[in-house]
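The next part holds the structures, each set out as structure tokens.
Presented sequentially are two complexes of chain A, the first with chain B as partner and the second with chain C.
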Partner chain A sequence: MTATAARDARLARPSVPLLVARVLRMEIRHSAFVWVIPLMALLFFYDPFRTASGYANLWTLRTSVVLNKFWPDCVPFAAGFATWVGSREGRRNVGDLLGTTARAAWTRQLCSLAGTLAWVLGTFLAGVAALYVATATAVTWGGPPIWPAVVGTVSLIAVCAFAFTLGALFPGRFTAPIVAVGILVLVLAVFSKAVSQGGVSVTSLSPDGLVPGNDAGIFYPVAPDVSIVQVMFFAGAALGAVGLLGLSPRTGGVGWRGALDPASAGGTRLRIVATAVFAAGVALAVAGFGLAATARVSSVTGNLEVPALHDSASDKAIPYAPVCAEASGGFQVCVHPAYKNYLSQAVSSFSPVMAEVSGLPGAPVRAVEVFAQTLPADLLNANANGVVAGTPPVYKFTMANAITLEPNAAQFRDGFQQDIVHSVIVGPAGKMVTTQQSGPVYQPDTGTAAQQAVVNGLLKAIGSASYPAGLSAGNPSAQLRQQQAEIATAATRFAALPATTRHAWLTANLAGLKAGRITLADVP
Partner chain B sequence: MNIELTSVTRSFGRNKAVDGVSLDVGPGVLGILGPNGAGKTSLLRMLATVLPPSSGVLRLLDRDPKSTPQRREIRRRLGYLPQNLGYYPAFTVVEFVEYFALLKEVPSARVHKAVATAVERVDLGSRSKARLRTLSGGMLRRVGIAQAIVNNPDLLLLDEPTAGLDPEQRVGFRALLRDFGQTATVVVSTHLVEDVGAACSEVTLMESGHIVFRGTPAELTERGKDHGVGDAPLERGYSAVLQASRKDGVAA
Partner chain C sequence: MSAAGPLIWLHFRSRRVPPALAALGACAVALWAALEYHWSFGGAGGATDIPMIIEGAAAAIIAVTTHGPFGESERATGRWLPFLRLSMALALSGAAIGLLALAAAVAYSPQTGVYLYSGVLGVAQNVVGFAGIGLIFSLVTGGMIAWTGPLGLVVINQFALIANYSEPLTWAARPATDRGGWISAVVVCAAGLAAFTIRGPRVRPSGE
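What follows is the complex of A and B.
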């Protein structure tokens, strides 16, 4: 064969990449999704972006809106649009025309799907990028988590592939709205189930899940186990849908009547490939589903782990250098660098209380932020923020209550002060007790009447709220109401004393007060 | 022969749209005439490989359309304009024709030239950038013809191609058909006998799924010599053949 003949033969062969590129360019150029983008941008700004902006400046917390807010916002649009494009050949009555073309229907359908995905994913990733950039300018530690973007992308591909296939199989002008609403309901149902079950089960497959705790990804890395399972499941679903598209005689480009004829349904090789894609997709989705069922919460890291995928080596604590500042009297407050933005707020909370209790036996010499998971169970539920422990005593605290999604000014001011005053005057905030009725429960220790009066008196003196009352179901008895009134009177009386007098009295009487020998009448 | 049909039948439920048709067609322009429901469109759809025959043997361009690789080769060399042309309104004329050129696997290097040539041949060069939604019915028909001829087909199948075309365009289109008929097999299904007379070298008349006449337009005209129904000689021939076939009970 001469060089010229070889070149002619090469030129005579259609270039598949070029064909795909050109068809894809047309699909992208003529996509009607462009009309949806302004609406999605508006939705993005008022839902995920504003929500994230209100959250504390922490990477994992803020970027959780990618899957919890932005993803569910995108799903109905992506599903509806993909269905609309998938049903196009049926709606536009081009089945006969396209049925006479040499290229398999699967090729052009995958090009249409890819064109749809280009717009859907472009919009989604642009929103993710905007969120990440805004977060990067606000946080003080860490880097952008990649998994929310990966899971969101793969799951949107699955939603689009599934919806596109439905559109191709059941073309009609009402298919798109029905699929969009159906998938939205499915997502909401899965989400609500995930929330109600605490996110530990197969419902953890839903990208739209629980808001993570403040400390997620800060003291320990976030385990990618569940994200991997989600990617497996959704990638499997996407492959299954794409395989079904290739297998279905209905989408062979000839309409319903001639659907089952061999002349219309594509060649053996295409069927083998489509069957393999479909089988691989189903296998992957089933594997993901099965693995999700084994997910459990780690007692060490608080992460949702999948034992079969979990790498224990990744459970090591992330090393960090705490950032510290001094409150009044040289009281040192140290926090994780991720919480650096909130250090001054914490210091201003510790200063007045340390001025009251410093020097007293049991008063902490410094405060250190620790991983919430390392504090006693149910402590946070009892509205406490930490414990004073060790020799010399150190206040180990978490900001889990002070920052519940967004910083809580009242909790910042009162929470730490209540903890320290209670710890010095009464002791531990409570203890775990086992009851026959309900098993182990956390029982707060509010102390004796005199202790309560002194605690509330000190808190009142520094302008903090009273220590939260103990458990009292129903209406308090007349006797209890009278006792509470007496405690309040004593607390007011104690608060009115000069600071030096209060401190001197506490220095002299703290041992007796803690031992329960001081009565309400003894409180000055 | 580019088209070889042997006892081809196509049924839809109990209704036989095409009933035992045998036909050999070489290069040239073949017109298929017939009343509504005669089976013209079903026959054309079988020739276009979108509808397989219920029975009988069909060979196109010396290939068997039942075989996937051979069907693919046929489709590369096939042009088809369906009766009801579906289209994508947002596409421009050039994009729509290019879309089909790509799917018909026109060699990549030749796509642009092939598209430009096809668009020019249907006289839409000045509207090549216009979106399809902005075109008139006649122009859309011409776009349909352009996509059918973009791969320079060896087998061109046109179902009611002149519907919606104005007289001047019709004249141009007939010239196009004659031109293609020099080297390719062109099959035109139509109700308009004047198209057949002006453009076709051969004519076939279908009635109730059967072919009841095959010959030249002159021969069809000859059949209507002593027949009074119809304004034009070819129309009279058409009516005469149909009446004769009905009398002979072909439809039964």
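What follows is the complex of A and C.
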């Protein structure tokens, strides 16, 4: 062979990566997924983006919609189109024709899968980027969490690989919608199970789960344990599906027996690679499943952790410098910098209540935001925001209940004001008691009738809602209704007094009121 | 007129109507099982979430049958094609409603709390509305991937159930007696049927 002929031969036969790139480009250009992108954009703005925009300006909370809302949006369409592309050769009955091509069916199918994945992942990551940019403009502290994007990407690859293989195994025009609907049902069923079980154990494999608390990722880092397990499981599932594609004779592979038969078609390398990929995938998925079964809630951070993967560094608090401002009378309010946007709202909530109670025994001298997990769990379950404790008294509060998923300014304000007034007039919001029927339960302390009247009077005077009466569900008795009416009347009377008169009366009578010596009739 | 029967049968076969009926039957069995065994995702849409997805699946199957294998050449065959399209869409929608209603009737047992929360009215509303969206999508995307329309609407309605959204297209998340929901569903169905009857599904260069 002359040098010219050798050069021509090299030019005529492009390299394998170039060939793959050409096939991939063709698959991407001809993908039908482009038709569904406007629908995906509509879905994205309809729920994930709208929901995230309503959440508090916190990285972990807002970006939770990536997996809780956007991921389940993408899944049925990713599955449907992957099935559609996977079933193409069977649907068009071109198996025999393509059997004569130089490359193995597996190579061709992986290029088709990659073409679909390019669109699916491009759409998903574009949505994630839009969400992250919008969040970055709103938050005051922290950085974008990477794991939701990683888990979403890997799990979508797994969904596509699994659906593609189903499409290749069972080609037909009805396969795509049936697989799409089936996977949607599966995703929703697993999500429902994850929510009902608190996301522990194997339900932690569901990328779609509980909405994290406001404090997630703020006082302590979010441990990546569960994300790593999810990535392991879904990567294993993807590899298993791809390996199955290479082995199944129905999809042009060498078959199960062929995989072990050195004389079968497909080439030794293909058989070895397909078998190894399948085995590695199954092993990885089983390992992920096994690790997920050990997932539990950390008592320190409140995060999900997997003991075998847990790094104790995740249990160390993140250092921060609180941001503070002064309410009326020099009352200092300090919050975590992540909640800086809510500081002025907090100050304006504390100002009127501190004007009423400052100087009284037990009134807090400042308010400090703390990690929700450090407060009694039952207190938070009772919808309170914090406790007044220590000497001098300090109001330790959390934003966990104050900022709801759909923020409500009145609820934010009233919660803090109710906590402080109740704490000064009555004392602790409640205590744990042990009952014979149901063991330890939280018993709220709403105070005596006089205390309730004064609490509600003070709250009424500053424009806040009454303290929750703690009535049991159902129809209260006539006697109870009459007592509540008397308390309301006394509260209105007390609220109508001039602020200085109220304060003077409280200064003189607070000790008696707290001790229960003041009756409803004694309230001015 | 004697040729009408074979013509309809050939048209239906070319659109894979027999397998579509089998798939609709499978949807009916799924609905029966969902009611009989109290399948639900819980939460706000507890009683309607699974039936809605099954109704969406039925509509997706109807949407996929709009694809014909003959492409453009079929359009030159005469004046009966629009009527054949219309009759097929109506027949399959009717069959879907009938089969799902039958499944609900078989499972019906109010003593044990087994009944379709939205009733047959809800089934009819959702099937005609979702199928209408599927027919509209077939004009844009071609019949083979027209299932994306009903599926997208099901996803939107699932979110509407969970988050309590209420928009014109979220009729499936509202009570079956809601007049606005019925108006939306019927308008979508009528628009889809009319457009599909007149224009037929889009034929893409790939033939699909």
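Please note the rule applied: the second predicted complex is superposed on the first by the 494 of 524 C-alpha atoms of A that agree within 3 Å, B and C clash if a C-alpha of one lies under 4 Å from a C-alpha of the other, contacts with A are read in each partner's own complex, and residues count from 1 in each chain.
Here, a residue touches a chain if its C-beta (ideal position, glycine included) is under 8 Å from a C-beta of that chain, and two chains touch if they have at least 3 such contacts.
Predicted, not measured: the structure shown is a model, and the values here were computed from it.
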| query | With the two structures laid over each other on chain A, which partner does A:Leu18 touch: chain B (first), chain C (second), both, or neither? | reply | first
Tell me the contact category for A:Ala176 with respect to chain B and chain C: first, second, both or neither. second
Determine, under the contact definition given at the top, whether A:Ala496 touches first (chain B), second (chain C), both, or neither. neither
Practice task
Classify the contacts of A:Asp96 with the two partner chains as first (chain B alone), second (chain C alone), both, or neither.
Solution key: first
Item checked: First, second, both or neither for A:Arg108, with chain B first and chain C second -> first
*asked:* Quick check for you: in the superposed arrangement, does A:Leu39 touch first (chain B), second (chain C), both or neither?
replied: second
Based on the superposed arrangement, let me know which partner A:His30 touches: chain B (first), chain C (second), both, or neither?
both
Chain A contact set shared between chain B and chain C covers 30, 32
Contacts from chain B onto chain A in the complex sit at residues 12, 45, 48-52, 65-66, 68-69, 71-73, 75-76, 78, 80, 82, 84-88, 90-91, 95, 98-100, 102-111, 144, 147
As the complex stands, chain C meets chain A at residues 16, 19-20, 23, 40-43, 49-50, 53, 56-57, 60-61, 63-64, 67, 140-141, 144-145, 147-149, 151-152, 154-156, 158-159, 163, 165, 206
As the complex stands, chain A meets chain B at residues 11-15, 18-19, 22-23, 26, 29-30, 32, 88-89, 92-103, 107-108, 254, 257-258, 261-264, 266-269
Residue set of chain A touching chain C in the complex reads 30, 32, 35-36, 39, 42-43, 46-47, 51, 69, 72-73, 76-77, 80-81, 84, 172-174, 176-178, 180-181, 184-185, 188-189, 191-192, 195-196
